[in-house]
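Both complexes below contain subunit A, partnered by subunit B and then by subunit C.
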Partner chain A sequence: MSTTTFAHNTKKHNANDWLATTVIYIFSALVLIALALPIGEIIINGYDKLSFDFITQLPEDSGRSGGISSILASTALIVLIAMITATPLALCTAIMLTEYLPEHSLRSSIIRGSLDVLAGVPSVVFGLFGLAFFCQTLELGYSILAGGLTLSCMILPTLSRSITSALHTVGDEYRISGAALCLSRLSTLWHVTLPVVLPGIAVSVLLGLTRAIAETALLLFTSGYSDKMPSSITDSGRSISVHIYELATNVPGGQQSAYGSALVLLLSLLLLSVLLHLTTHKLQRRMIRG
Partner chain B sequence: MKRLLSSFTLLSALVLTSCNSQTDQENELMITGSSTIAPVLSEIAKAYERQYPNSRIEVQSGGSSKGLNDVRQGTSNIGMVSRRLKPSESDVQSYRIALDGLAIIVNQSNPIEEINSLQVIDIYLGKITNWKQLGGMDKEITVVSKAEGRSTLEVFSKYFGISYRDIQAHVIIGDNQQGIQTVNGNTGAIGYVSIGAAEYEETHNNAAIKRLPLDGTAATTENLINQSYPIARDLNLVLKGKPSNLEQQFIDFSKSTDVIKYYHSHSLIPATLPTKISSNTEQSTVH
Partner chain C sequence: MHTRSNNDKAIYRKTITDRIFWSVIAVGAVIASLIMVLIVIFLVVESYDFIDRVGVLHFVTDDGWWPLDQLYNLTPMLVASLGVSFGALAIASPLAIIFSVYCVFYNKGWWQGFFERIVDVTAAIPTVIYGFWGLMVVVPIMNKFTSHGVNLFSGMLVLAMMIFPTIAMLTTSALKSVPFNQIQGATALGVRRSSLIKKIALPHAKPGIVMAMILGITRAIGETMVVLMLCGNVVQFPSSLFDPTRTLTANIALEMPYAMGDHRSSLFVTGLMVLIVVSILVIISEVYANRKRTMNH
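Take a look at the complex of A and B:
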């Protein structure tokens, strides 16, 4: 009697299993398709535009001919400023949260809470803040510097939350062993914890970087619209996402260049992630040895 | 850590030096406003800088209301406003530099000679589906409309009072050229495109399209300029108070015949057109 019920149950289980597996497969296939379609469209439509000249020449005729060299230079500067200012701040906040403050203390929950609130603020709001604070109050005007600083405010909460969770993945036994070996908290951090989580931090930085490069509304308010080659970081400079938006909506006949720029953006993101992956491994080895 | 610190010092040094270099305010102009005008005015600004190498003209997009606000607050010298100014906005001076109008177009082989607003609304709401209902040939109507986010769609739906969600379109197009090509290749199609673009494609690429007079008024450049054609908007430069020499010089430059080719390449009609289109075609082809 009991064996038959068991057999019956397994049959039912198998059917359920099979169903669940199929659903999971179908849904993940859908996600893959949803990812492949836009990428495919960008590659197909942007392929014709892609050339050495497109990357090295200045935009002409509102971006419909010529290249995107000035756009790439502005984008690089904006993102560089944003990462240089945001990464140390985010890293320190994360270290404070994981290494120094007890997990359920008041101070720690205040910091966590405000980071969560900040992470939920739409980028347009950061844009308005940047416009009021960096551009007007600090009189930076529409500039690459103002754009980069505003951008760093926007990515700061997500960056520090993801670095925090990376640091959390290191078990407490590392820290306890460090303490047992009479290492100070700082040297445990520098020689043990940080090298271990370096790949995690690198992934966080990369995620912040991609968010920064893809940001449009915020940069339109702060770093501006000019497609001229920037001569300093106080010049206005158009980032690549603003350029794509502009070509796709406000310039008649700008579609092709928009696809071309989108393809360049896609390729540079790919290149960045490969580079970051390679350098992280090298750095990790050096930090452990040192 | 040392390296990090030195890169910080480098950055701050960079900031300080570049702040110092920003001095010459006299030859600088800040222009903000309408995202429709911004692309063409950036090109004009570049041409101006080429002609007067000491000057620096900065064009920033952001919308017509931002243009007005910035001029009122004095954060920019000149604002770009892509509509007629309201009576309440008489505190600023406006200079019309260009016009933009929408033409209803059909294929050249379509026997329909004109159309009225009610018919356009019925066609775009899907109530009229065959040309014979308008006394034309027995052919299904292919409704061509613009993709969401296009300013032409906004102008169109605002003028006819129909929400763009209610438009029953068969073909969704991105820009004017695409719309003209679609109507060019489909004898039953109807679409709406910028008048400047339609005129350009008709004269340069022999597009087989026909601009239908709307409510009895022909969709021509002349009727746009004398303000008798209804679906139109003005593209204005606005400023507060008496223009400085540089401001006046730039406004004059943006209305001069030298820059007409830039308006044409952005499907706009320059306001100070020596009205015959044919006289400008040479300039645009040279470009």
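Take a look at the complex of A and C:
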């Protein structure tokens, strides 16, 4: 009697197992296809548009024809300003948290807490803040500088979190040895800790760069709409993601250029991701070698 | 943990350059921590006079959103924001869980890590590209079925694709943290793979999966570009899935470039509301994480 029940159960369980496997395989395949769709679409449609001229010429006819050289220049400037201001601040915060403050002190939890909250703020709210603070209170207007500074606030939490965790990977034996050798904290940091974590910091900066290039909403009303070649950082300038948005929604007949720009954006992100991978690889090799 | 306190006790040589360096670092850290305070101050300052003059009730009882005629009802947009985000979560999270289960328990070929890398890469795709793709592909398909191709459902669908990588990555790492000896023991007892996943792996990973979902919805509510490009931007309570609607974030991005005076202040109020909704979600996740931590002790 009991054996029959057992056999019956086994059959049922077998069927269940088979069913679960089928469902999981089908849905996973669907998901993979869905993930590949946008990338495929952009590559197929943007491929024709992509050429040397497209990257080096100025946009004409609101971007319908011509290239995206001025857009790339503005994007580069915005991202550069964001990285130049955010990286030192993130480094300061990370060094403060790992080297100077005890892990569970009040001051370190205030710093960490405020950055955690900052990480959750939506980018459009950063945009509002940038408009009120950089564009109006500091009177920078709609400019590349204002956009870059707002962007730096947004990537700061990501950046400082990953630099902090890079600094944490260095064992405390290094620091204690530094102290034992009668070095100051600064010398220990400069001669012992930093050389070890330099690849880790490079990875963090690249990660921040990826986020900065991808951002759109915040730049819509801080860095302006002008598609002219910027002559200084106080000029208004359009980033590539804003350019794609403009072409897709406000410029009838701008789709082809939008596909081209989207492909350029995807390719630059891919390049960054490859760089990131190589740097991480180098870091791992270095750690293994000791 | 105690290695750190060793470093705290280590006595370093103190030089004058070290002092100077410390003050530089301190200034940097203070500036970094002040940004959050500045954001809150600026949002409140920009909207305080206006809220004080108009009264909070107007943002929920007015006859609609006509900022130029002093009508500032934000509730349709709040409902739209919540609706589109929870909808996206409802689409994305079951798929993310299934996909993570596949990656952790089924995928044993040479491509084992490959699918996880694909998810990593898609997580870095800019949201404007998702929005553009939706406009070019999803909307025309939707147009064949309804009169408005840009509607709540298009936004939901593409938003789901956007938050999928976040949820899938965190769920995968939660599933990977299931202790190996539990899986080994279950396998030794003859438990089948499907029961192993259902009875052991998923319950064990549940806190991690819930956190992943909360993070996903936080991202969805704060997201601007996808909903701006795909939801249709008509201010109304969506009565069906296929109605065009406008979210809080899209409202800011749409009207900020030309808003003046009270209209501008009302957009800062909108921003404040987004921040409040996101903060509530962050607090929920903190409380949940803390409860799980104390339960485990």
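By our rule, the second predicted complex is superposed on the first by the 232 of 290 C-alpha atoms of A that agree within 3 Å, B and C clash if a C-alpha of one lies under 4 Å from a C-alpha of the other, contacts with A are read in each partner's own complex, and residues count from 1 in each chain.
We take it that a residue touches a chain if its C-beta (ideal position, glycine included) is under 8 Å from a C-beta of that chain, and two chains touch if they have at least 3 such contacts.
Quick caveat, the model's predicted, so the values are computed rather than measured.
Of the two partner chains, both subunit B and subunit C are touched by A:Pro88. Using the contact criterion defined above for the overlaid structures, shared-chain residue A:Leu145 touches subunit B, although it does not reach subunit C. Applying the stated contact rule after C-alpha superposition, one finds that A:Leu128 touches subunit C and leaves subunit B untouched. For subunit A, the partner that touches more of its residues is C, with subunit B and subunit C as the two candidates. In the superposed model, A:Thr22 makes contact with neither subunit B nor subunit C.
In the superposed pair of complexes, A:Ser165 makes contact with neither subunit B nor subunit C. In the superposed pair of complexes, A:Phe221 makes contact with subunit B and with subunit C alike.
In the superposed model, A:Ser109 makes contact with neither subunit B nor subunit C.
Shared-chain residue A:Val251: touches subunit B; no touch with subunit C. After overlaying the two complexes on the shared chain, residue contacts for A:Ile233 are found with subunit B alone; subunit C is out of touch. Common to the subunit B and subunit C interfaces on subunit A are residues 88, 220-221, 225, 248-249, 255. Of all residues in subunit A, only 61-62, 81, 84, 88, 136, 142, 145, 220-221, 224-228, 232-234, 236, 246, 248-255 touch subunit B in the complex they form.
On the side of subunit B, the complex with subunit A involves touching residues 4, 7-8, 11, 14-15, 17-19, 21-22, 35-36, 38-40, 42-43, 46, 58-62, 75, 149-151, 174-178, 194, 197, 265-267.
Residues 13-14, 16-17, 19-21, 23-25, 27-28, 30-32, 34-39, 41-42, 45, 88-93, 95-97, 100, 102-103, 110-111, 114-115, 117-118, 120-129, 131-133, 137, 153, 156, 160, 171-172, 175-176, 178-180, 182-188, 210, 213-217, 220-221, 225, 241-242, 244-245, 248-249, 255, 258, 262, 265-266, 269-270, 273 of subunit A are the ones that touch subunit C when the two sit in their complex. Here subunit C touches subunit A in the complex through residues 1, 3-8, 10-15, 17-18, 21-22, 24-29, 31-39, 42-43, 45-46, 95, 98-99, 101-103, 106, 115, 118-119, 121-122, 124-133, 135-137, 161, 164-165, 192-195, 197-198, 218, 221-225, 228-229, 249, 252-253, 256-257, 267-268, 271, 274-275, 278-279, 282, going by the rule given at the top.
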